[in-house]
Amino acid sequence: MKGIKQLVGTAHTQTVPVAQAPNSQQLKDALIKQIRRSAYVYRVDCGGCNGCEIEIFAATTPVFDTERFGIKVVASPRHADILLFTGAVTRAMRAPALRAYEAAPDPKIVVSYGACGCDGGIFHDLYCVWGGTDKIVPVDVYIPGCPPTPAATIYGFAVALGLLDQKLHAKTHQPEVQKASLKHTGIPLDIKVMIERQARLLAGYVQGQRIADEVMDVLATCSADNVDSKIAAYLTKKDDPRLTEIVNILLSQTMEALTGLSGCSNSTGEKVKPREVTADE
Amino acid sequence: MTNNTVELYSTKPQQGRIGKQYVDGVNHFFPSAIIDEEWQTENQVTITVKMTALVEVMKWLYYDQGGWLAVTFGNDERSLNGHFAVYHSLSMEGEVKSWVTVKVLVDADSQEFVSVTPTIPAAVWGEREVRDMYGLHPVGLPDERRLVLPDDWPEDLHPLRKDAMDYRQRPQPTSETETYQFDNQLGNDSNRIVPVGPLHITSDEPGHFRLFVDGEDIVDADYRMFYVHRGMEKLAETRMGYQEVAQLTDRVCGICGFTHSVGYSNTIENALSVDVPFRAKMIRTVLLEVERLHSHLLNIGLSSHFVGFDSGFMQFFRVREKTMELAELLTGARKTYGMNLIGGVRRDFLKDQRLKGIALVREVRKTFSELVDVLLATPNIESRIAGVGILAKDIARDFSPVGPLIRASGFKRDARIVHGQSLESYGDVPFELQSMENGDVQSRVMVRIGEVFDSLNIVEYGLDHLPAGAILTEGFDYVPNKFALGFTEAPRGENVHWSMTGDNQKLFRWRCRAATYANWPTLRYMLRGNTVADAPLIIGSLDPCYSCTDRVTIVDTKKKRSKTIPYKAIEQYSINRKHSPFKL
Amino acid sequence: MFKLLKTVIKTGEATKKYPFAPLEVCEDFRGKPELDAEQCLSCGACTRACPANALIMETDVKTGTRRWELSMARCIYCGRCEEVCPTKAITLSQNFELAVTRKEDLYEEAVFSLADCCQCGRPFVARKLLEYVLDTLAQSGVTGEQLKLRRQQLETCPECRRSNNMLDSENISHLRYLEEEL
Amino acid sequence: MSPLEMPASGWIVLAVAQAMLMLMFAPLASGFSRVLRAKIHSRKGPGILQDYRDIAKLLRRQSVAPSNAGFIFWIMPWVLIVTMLLIGMALPTVTQVSPFPISGDIITDIYLLAIFRFFFALAGIDSNSMFGGLGSSRELTLGILVEPILILTIVVVALAVGTTDLGYISHALATTPWHQPLTIILAGVICAFALFIEMGKLPFDSAEAEQELQEGPVTEYSGASLAMVKLGLGLKQLVVAQLFLAIFIPWGKAASLNADGLFAAFVILFIKLLVVFLIAGIAENTMARFRFMKIHRAIFPAFLVAVLALVFLIFGW
């Protein structure tokens, strides 16, 4: 069957991308020069979750307004200079997508948009998905993201039109130091682990980690007598009721762990309806 | 019979058994119909009934007891009890609000089950899908066409059967062309066929419709969905663990993904009775409303676009960007918030987010109300949207649609109100149910406008009244083969999820019914009798999320009979949505 | 229509300057995942957590290396890797300008060397992982002889350990039952 | 000079020149509409020269046609441009009399407009899409609704002045005092309305294939022929606008063929056009499109007023 390659027996298949004309690259370079200030874009939706579609939209509307660069989304592949493929190319969308590709006049720039378009994203290996634009047509520009923000979209177009150069390059890390440094060595290990865990439960993996680090930095500089004052100083500096609450919980539990006796145990899974902290603006 | 008769026999509802009288009712009217009764949460019960009693029980629950069919799905339980199973989940909205799931066991050899569609049309898509995915045969189902699987999929391969295939297997295509038969129920061959096509520049996603027209009037309409069926449900029970699926559900739909991931998380939390901290619930509530904001603004913008008022479209998108900013501020991403874990959320709102967030909300409220005035004061708007695409009450009752669509047809259905007590923090936030009587496009727009203001209030209230405490619960065990429903009110209506835990730290089965899936089947009735020129407006007023339609569905952009050239549909679409294609 | 014009005039131009001026994104924006190879233990937690399989890790026993690879193309920027990383070696940055013309540029890899088994000399565990465990032990108060012993245990590959236990005769008292008899 | 004899070479040169100028400035006009549109969207929008860039690019792009396209499909772009150029040559835009009286007769011009519409509709059918017939019929229906008004109003003026030659009408209105001011003003207003519809602006329809809108037949065209069609559409707006200006706002034009007179007239014309397009642009961007079924309700009253104008004429008010 055209464009389909068998893998094992008749049961398992994969797609074969459309072949490109030998001189296509020169033609494309010429095209890019022509369409610098006036590019017509045609969206081919090969099974996106429509997060990408909506962000492409957002890129054309007032706040980002691609039209100021002469980039215009058109409704017919016949007008297209750039084909924008979104979605992981589902089984049913393959044929229509190819038809759209062939309907567009040569030469044309193919842009693969979003994680699904670039490499199938989270759906890359499903039974009804071919796994990315470049599995069916040759792709010139990849715009990753899930979905790419309108700004990323504009940047992507700029790269496609050769107005900006790409910033990302293949990278290989070769760590010389074969030793990862331990953080907060000043704090006993079990306390450190406890604080980090609780902080995550209280404030999530980003803010929680940040808070845990800051608190432990403060604690590391403290001696038994001036803990309270230093923490208080830190909290007043931040002036955030929620932060104060979290830090107090962390401290009380630290005390608990250190002394064994239970301080004000404001345990995390409490089921009594807690008081409401109101943002004081 | 009326609801009062229920009172006569029903025992006093036991504690923690909300909706017990429905079960008692079934027992009373259909003695020995119930084989098994199982309570998942205090307001969710699953009753296994005899196949012979299914239709009658469903009929009683649905029409006599104010039930609405939320989702119909199958399950391959041969490894558990030697049978397949078909579930019909009903949202009971009589005087007692609860969830009743009716389950029938399907013999593994005959593989046949009784179709309830002739009695309750709402089940049609669900049963067609069971047929596709499990190869079970619904006896008496009027519409035997394939629903979910692509046309070139092998007849005898049913992906969701546990013994069917590896989730990665891509079988040899069986045909080069699309073979779907569109059916014209009212008209005849003299009607011209108009593919209203998809790839429209400002519609978030393409859709494929066949309008059967007589002159300018639509006689009937049919549509082919599920062009983007990818097999997420299979993925969820194979490659992924529980937490990963929460990320997957975020990508069920690019517009209302968060509601799906909340819905999914709720299924597991309900099934394992995990206590989600209050703060996490409030954070989820806030984000659900943020999502509603951007989605409704999108749709209101589109409605003004479809009537040729592009300035309105652009202006509404300008406001919408503020809500996207808000989302980014609160979650770190404009879309696909990725905030849910089973047992809570991943990020907290600190002072910074709360203050900025509240400021943004107030700004949006101000600009939005201005724009609403503008929209309503715009010449011709009224004449374009009033009385167009009416959804009749009886149709609505039969098909169990959800969201602004049904609220605009005079029904008071909103999971946030009806089941608010068991849905995140909706019990504690101030807002009322928006509904209109006329059932036309105008009513839908007005309902959405009302809901935008509600959402703004909820977000502001939520950010202002975040409960103290943790945002995540951990340290619970995943008990095998527990199951429950999870539901949220997405911008387009109620999303319903159902999942069953497996014994290998993976899901045994996950079913997701998105709002649009419930709304599509009514579309044909809304289109009938209108002009082609209004078709896009009507379709748009349903706020179709093609990708929502069965987790991931896109309607084929350029699908049509092989002789037509690819971009025809688009051209035809554009022609028909404009009044005169040749006007200069 | 005059209301509209009024709004329009009041609003002026809503368009952002980007790309001519940098764009403000929020502090915790989920952009390109940045790996701090120095901190990474190649423990594989991220590869297990990644919902999209954008992160993979493969061990090459011949060269004695372990390769970590991130595919920006497939990445869905959910930040699960950041969440599960024990050493915070991977974090999502604010960088969203990721478009490329060559797909190869979307891949980022890191190579870590493996530690050899102190007995059979076959590589079996990432050196950094091993060292990290030992450091943690040290911090938690294990010292001197104990630590040495632990190190020796940890540097032995599972196979060798198993065989050791088999041949570990001095722990077995052949005469125990006899003694009980007496 | 009588309309039938060949005009002097100087006039011919002027006629060709002004037609060519219109062709050159057509993209500027549509570009201006796009900028205005963007501003009303609160967008930065494209430069005013964007349409020049678009057309320049399209002219260099490969031109593909649908497999079933007939010759009508190919000649349509040319017909568009040629008909409009003919009218363009005839219009007394910068001079008080028509520089090319042969096509300067009002009846001729109205028919030229009709030819334009006819070929456009024909091309739609030629593209043989299922909508072709439907669309053409609508197009022609609109024509039937609009053209009578146009003819009636212009005939009223013609009668009032006593000639159907554009040049003379414009000359007369510009120089001699109006005998029936009420009639002419009334006719002018209605004529403006009719021509606004002819320009194809919202709410009656949109001229530009702006990013959300797609002209039916235009979708079929690509590359160079698409460029031609775009040019043709732009040109029509310009010409129609000037037709109105030439008749009803005839002041400030050169009496004879001398450079500075022409230049002044040119500047004045430019300002007039600016105003016209400004008004048209604001109108089309601030209202929703008419429901086609109801469009006659908007147009019929206009027809009545046109009749009223005729009545006034008869009573000599």
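For clarity, chains are labelled A, B, C and D in written order, and residue numbers in each chain start from 1.
Following the convention adopted for this analysis, a residue touches a chain if its C-beta (ideal position, glycine included) is under 8 Å from a C-beta of that chain, and two chains touch if they have at least 3 such contacts.
Everything numeric here is computed off the predicted structure, so don't read it as measured data.
Asker: Give me the set of chains touching chain A intersected with the set touching chain D.
Answerer: Shared contacts of chain A and chain D: B, C.
Asker: Determine, using the mean of C-alpha atoms as each chain's centre, which chain is farthest from chain A.
Answerer: So the farthest one, by centre of C-alpha atoms, is D.
Asker: Taking contacts as defined above, which has more of them, B-C or B-D?
Answerer: Result of the comparison of B-C and B-D: B-D.
Asker: How many angstrom lie between the CA centroids of chain B and chain C, rounded to a whole number?
Answerer: For chain B versus chain C, the centre distance works out to 38 Å.
Asker: What whole-Å value do you get for the distance between chain B and chain D if each is reduced to the mean of its CA atoms?
Answerer: 50
Asker: Between chain A and chain B, what's the gap in Å when you average each chain's C-alpha atoms?
Answerer: 26
Asker: Rounded to a whole Å, what is the gap between the Cα centroids of chain A and chain C?
Answerer: Measuring from centre to centre gives 18 Å for this pair.
Asker: Check each residue of chain B and list the ones that touch at least two other chains.
Answerer: 201-202, 239, 247-248, 251, 311-312, 314-315, 318, 321, 332, 336, 346-347, 352, 378-379, 565, 567, 570-571, 574
Asker: In chain A, which residues are in touch with two or more of the other chains?
Answerer: Answer for chain A, listing residues that touch two or more other chains: 61-63, 65, 68, 73-76, 78, 121-122, 125, 146, 149, 205-207.
Asker: Please set out, as single numbers or ranges, the residues of chain D touching at least two other chains.
Answerer: Each of 40-44, 211, 214, 219-220, 286-287 in chain D touches at least two other chains.
Asker: How is the touch graph of the chains shaped: line, ring, star, complete or other?
Answerer: Contact map by chain: complete.
Asker: Can you tell me which positions in chain B touch chain D when the two form their complex?
Answerer: My answer: residues 192-194, 201-202, 216, 304-305, 307-315, 318, 378-381, 383-384, 531-533, 565, 567-568, 570-572, 574-576, 578-584.
Asker: Hey, which residues of chain C end up touching chain B in the complex?
Answerer: Touch residues, chain C against chain B: 1, 3-4, 7-8, 11, 14, 25-30, 49, 51, 53, 76-80, 83, 92.
Asker: Once bound in the complex, which stretches of chain A touch chain C?
Answerer: Of all residues in chain A, those touching chain C are 62-65, 68, 115, 118-122, 124-125, 132, 134, 139-146, 148-149, 151-152, 154-156, 158-160, 164, 166-175, 177-183, 185, 188-190, 205-207, 209.
Asker: If you look only at chain C, which of its residues touch chain A in the complex?
Answerer: Interface residues on chain C, with respect to chain A: 14-16, 18-19, 23, 25, 28, 32, 35, 37-41, 51-53, 71-79, 82-83, 87-89, 95-101, 103-113, 127-128, 131-132, 135-136, 139-141.
Asker: Could you pull out which chain A residues touch chain B in their complex?
Answerer: Checking each residue of chain A against chain B gives 1-2, 4, 6, 10-14, 43-45, 47-55, 57-58, 61-63, 73-78, 87-88, 90-93, 95-96, 99-100, 102-103, 121-123, 125-130, 146-147, 149, 200-208, 239-243, 245, 266, 268-271, 273-279, 281.
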